[in-house]
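There are two complexes below, and they share chain A, which is joined by chain B in the first and by chain C in the second.
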Partner chain A sequence: MATTQQQPSSDYVTLVSCDGYEFVVRRSCACVAGALRRMLDPNSSFNEAVTGRAVLENINGIVLEKVCEYFYYNEKNKDARDVPDMDIPPELCLELLMAADYLNT
Partner chain B sequence: MASEPVLPPLIAGGGDNSSLADSAFEGSSSDPAVFSSDDLRDASCDDYVSSHRKRLYRGAWWGLNKTRRKLRRTIDSGVFMGSEGTDGSADDVLEELHGRSPLSTGINGEVRRPSAQGGLDIFSLASQRRQIQTISTHDNRFHPYSPASIAPRIAIESRADNIIGRCLEGGVDRVDLSGQRLNFLSNSTISQLKHLVKTPQYESASLDSDSFESMIPSIDLQLQSNLLRSLPSALFQLEHLTILNLRYNYLSELHPAIANLTNLEELHLDGNDLRYLPYEILKLLGKDGKLRRLLLCSNPLLKLAAEPIAGQTGLLSAADAVAEVVRARAHARAKDAEKRESVPAGEQQPSSQSHPSSNQPEDWEPRHLISTSLKLLAIDGSLYTNPTSTITPPCPIISSSAGSSLGVATPGPPSSVFTSSSVSAAPSLFETALRVCHSNDALEHLPALLPLDTPESVSRALRETLRIKESEDERVCTVCGKWYLLPRTEWIEWWDCIPPPPGVPRIPPATVEEEVTKTIARAVPLIRKGCSWACRPGVPPRTEKAGK
Partner chain C sequence: MSNRRATNNRIRGPQSALTDFLASNNISAAQIRTDYERRRREAQSRINSERPAEDSAAEVETQQTATSTENSEQRKKRKRQEENAIAKIKKNKNKNNKNKRRQRFAVDSESDEEDATWDLYAKSKPLPGQLENCEICNKRFTVTAYSKTGPDGGLLCAKCSRELEAEEKKDKPKKKSGARERRRQVQSRLLDGIVSLGAKNLQELCVEKVADNINDVDEFGDLPQTLLDRLSQILSKKRVITSRTLDLFLRPDLDKVAIYDAGKLESHDFVKIFAVIPNLRHLLLLHAGQFKDEVMEYMLERQVPIKSLQLEAANLISNRMWHELFRRAGGSLEALKLAWLDSSFNDECVQVLADNCPNLKRLKLRKCFHLDENALVSIGKLSNLEHLSLQFSGQVEGQLVTDLVNSVGQKLFTLSLTKFENADDAVLAAIHASCRHLRKFRFSENDLCTDAAYEQLFTDWVNPGLVFADFSSTRDLDYSNPDGPDEPVGLASKGFAALMKHSGSSLERLDISSCRHIAHSTFCEVFDGIKIYPNLRELNLSFIPRVDTLVVAAIFKSCPQLQKVVAFSCFGIRDVIVPPNVALIGIPNAQENIMINADALAYY
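Right after this comes the complex of A and B.
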């Protein structure tokens, strides 16, 4: 929410995985991730910020889907007292860990 | 016997029967069964009973395909197993082994694969053993993880084991392990004390109604003057531990699990390397806890007066801040005294001459004095530096043994951090993924699965997770009470929490200034850790259910 004070940019951004899957998520959710926040900052002149489309070369579609799920989970439980655990299949844990490190989430 | 039903005649093996069987099963719907011997001539389902059609092979299955192998070896020592490539050279290996070391001939009848290094291994092992023996007699301050320390460690440990065993047998609840040069204490040794049962003392018992004594042990564990750097996690599961003496060790941190020892009455921690105590120890010191004697002398505790503290009105010296607290308290007490006749709760210098007893003044309770400002940690538990601000915290960084660093008395983090979307009560994705790794049974194999270009932070976090899992380290957020793996916030609070010695007459301090100096001298730094950036000072604990 904090980053959307300038309205010319859209409320939604597109995240593209390395294998071509596209996820359209709310900008406020995506900006939970530090790396995406900087990429999509409307004040910056990054290409991603202008087009509202960020290509993540090292995250595949399955993982990016989980990451997007996390963005919404985080947004939902921001001020919650009892945060429920998110469901993550065990086989994704390492890839998600790498993605989380990359995105700084 | 006559009434016994007549069994149908067995089909006699023979070539004729096969044609009979063929006709009998002709036209049945299912295909003939396939057997491994079907590649043989004329083999089919109906030949099953006629054994003479099968290839006759007597012997073990593994020899089936190797019948033409030349088995020339005649050695039958029972030690060597024939393996590929060494069949011819077994003699040589045996000679080599005999030549190098007398140990080589089948220790405990163990079967060794003959290999080129076999002899060397045994030889070096023997010499190492001799080395270890010499080390254990002379040097007792070796590095705890060097390979040479393993054998003495076992020796020392077994001594501790013996002492504990004697206590268990005799039903003695005073376990004296002091001065044993223990540098390591394993979970298995300590956890035996869980089963300690007191033996009744018959000679002193008279059969009055008053003479019933509790058979629940109150364990007095004396571990002073050892070389301990850390404590086994099993120690914190001994619920009947009443006195824990850890004087003169090398502890640099006390685990928060100390709060599990709810029956603890005395905790001696003098002469260690402690800089702070865990916040959880307050559970033992409050009204619900039983801890009445906490000795902390000669530890390098973080000093309150030395650090300027970021208060609400800018930088404020710690002494001033504490003076405010004490003055407010004195004021409240004066009001109280007007109401009541008796003057309550003077403050006493902590002294070690006190004796544990239960006549605790009712109005004493730990009081919060002052906190350092918050230290934010990044997702991987390292120190967070705000990338948008160029100001680096001009603080004395004190690195704790956990690898994270503590800045004492930094100016608070820029308020922009808190308005941004990064503050959330939800765990980070990194933490979430780590928790999944933690619950994975194959956690120890996970680091090997990481690609080569893995960032250091990821592999470090995984190693830390593995360590947490192996040591059964339960980390609970001090603010929201939830379980976590990597802390996100850290700060230190100074508490006036050393219980006043009971029995000593209380002399109220003459002046407020005197009370301030005494309070500063007595303040104990307690470290608090939070699981998310939303868990920070000023956030009420979950139990109070206060809205934001």
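Right after this comes the complex of A and C.
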């Protein structure tokens, strides 16, 4: 707890895929996902919140990259109307769906 | 003509498949050979002409003098013909909507006599495989009417043409799906009541994508039930639930199967559901026309512990089998929803149901055409009912409805009575007296109950506030007297005011369409912009002529959670400013929701 209060939480967080790829994304973007929002909540004492680093054991790098792309797409279109759908490669969509379900986005 | 006759009369020996194929594609070995010979000769003569004249040996000259003069003439002619043919193909492709005949005349008049003979020749043999080198890959190919023009004006072979076409197609839809397509999409979503800011969530995006590519999916893996349900809904809407796609939804560890359009499934598919999932508890099958007696028999034999069963249009199940179901599986049955049964399921079935299903909590019977008053008496015996929805096709006496409410009303959370036209004030009084837990209440299509009865129902009712209320089409039906009698019939001013006073704080969905006797002043009192209805999300005001811009604007102000307002045929609504996140549907001139700026936002 003490450490989180001493250093103000950074604007960026690191997401790590199961195969070791690291994605540094803006905190506000990562918080689009409900699960990540709770993991990274500075008021909680989760390890992820303290270190600003979330390891996602069941998401591989390819999927996580797409997930990060979605985070930015979502953030960019936050207040827009009639947003065009993001392009999702068909071969990825089932895995992405599982990831989306896990991350609660 | 003569040519064809000749081929028809020809007596042929045995031919190989290849020869047949070549013949059917108008390829003749003889022609290929002559073409080859010609090319060789051309190449030879070119080499000859390039050589210095003195180099050329006398023998060669003497050998060729006879043929070469003829050859050069032929060559010239052939070259010209070839050019003509290619020019013609290009012309054909370039002409857009011009009159065909006129163009042909123009061509004819341009060409000289020789070309005219070529034309004749070309007609009898439409472009019989002129050879040309492809502009891109340089392969030699046969020119057809479908050959494309390349980027530098030359012709392309079939393969390159196809690639070019594919590329063009790829580029095109992007250009097309511009503003118009998007606007259409927005209007379509608006009618569905979906107005949302920002992007769709990732799950929804992925589910839609999966549904688009369902034919490439081999299995869903372990998707959670909620996502399977959503997928089933989308696939059902697209009508692609077949025997193959059904397999994707069957997993032994599941306990629920929901297929919203089982129209393409056969009996053995339904049997397969029980075979794969022996512990099925919740089954929902709409348009289940092939759910037959033997399927039900199989389910009962396997002792599937079915708890909730929803079937629509399962008309091949006989009365005897319904009896069997209730006798053998009635003990575990907790929810039963049946609709669109017109060949079986009669009053007797309901009686067996009432005798054998003591644990039934949820019962919904809609459009079961053989049911009438006796069924209502039987339903009254189901003492554990918590949710009851009924829509009968025949006339039912009001007294029976009153009795039913008196006997099962105490425990009900849901009561939906649609089109009980003979239900009178006594029914509402019975509901007031016996119901204590209602959350969802529908009482629609009735023109007998008076406004005073509605007012009494909602005044000092011990029942907590309703969450869902539907009183659509409760109004007087005398066309010669559109304003109704002096004593208002149906949910009118006083009843509506009493309803909103009783349930206003908890209501989420309200349907008062066609309640045409509610006065403008009542609307203004109920929605005065000061009273807040914190949970109201959906509101249907269709066919109430007194609703106007003022009322709708006040509604927007009074209901912060509002998402959808349906207002068909409310011609008094004009140029209303619709807040973002609200779908206003059905206003006369299909104006788009006006985006409000920051100032107006502050006003709301």
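Convention: the second predicted complex is superposed on the first by the 98 of 105 C-alpha atoms of A that agree within 3 Å, B and C clash if a C-alpha of one lies under 4 Å from a C-alpha of the other, contacts with A are read in each partner's own complex, and residues count from 1 in each chain.
The rule is simple: a contact is a pair of C-beta atoms (placed from the backbone, for glycine too) under 8 Å apart; a residue touches a chain by one contact, two chains touch by 3 or more.
Source: prediction; values computed, not measured.
In the superposition on chain A, contact of A:Ile88 is made with both chain B and chain C. In the superposition on chain A, A:Val67 makes contact with both chain B and chain C. When the two complexes are overlaid on their common chain A, residue A:Cys31 makes contact with chain B while staying clear of chain C. In the superposition on chain A, contact of A:Met98 is made with both chain B and chain C. Between chain B and chain C, the partner in contact with more residues of chain A is B. Of the two partner chains, both chain B and chain C are touched by A:Asn77.
Residue overlap on chain A between the chain B contacts of one complex and the chain C contacts of the other covers 67, 70, 73-74, 77-81, 83, 85-86, 88, 90, 93-94, 96-98, 100-101, 103, 105. Considering their complex, residues 67, 70, 73-74, 77-86, 88, 90, 93-94, 96-98, 100-101, 103, 105 of chain A touch chain C.
Across the complex, chain A is touched by residues 378-380, 387, 419-430, 432-437, 439-440, 446, 449-451, 454-455, 457-458, 461-462, 480, 482, 534, 542, 545, 548 of chain B. The touching residues of chain A, counted against chain B in their complex, run 1-3, 28, 31-34, 37-38, 67, 70, 73-74, 77-81, 83, 85-86, 88, 90, 92-94, 96-105. Across the interface of their complex, chain A is touched by residues 182, 185-186, 197-203, 205-210, 212-213, 216-217, 220-221, 223-224, 227, 580, 595 of chain C.
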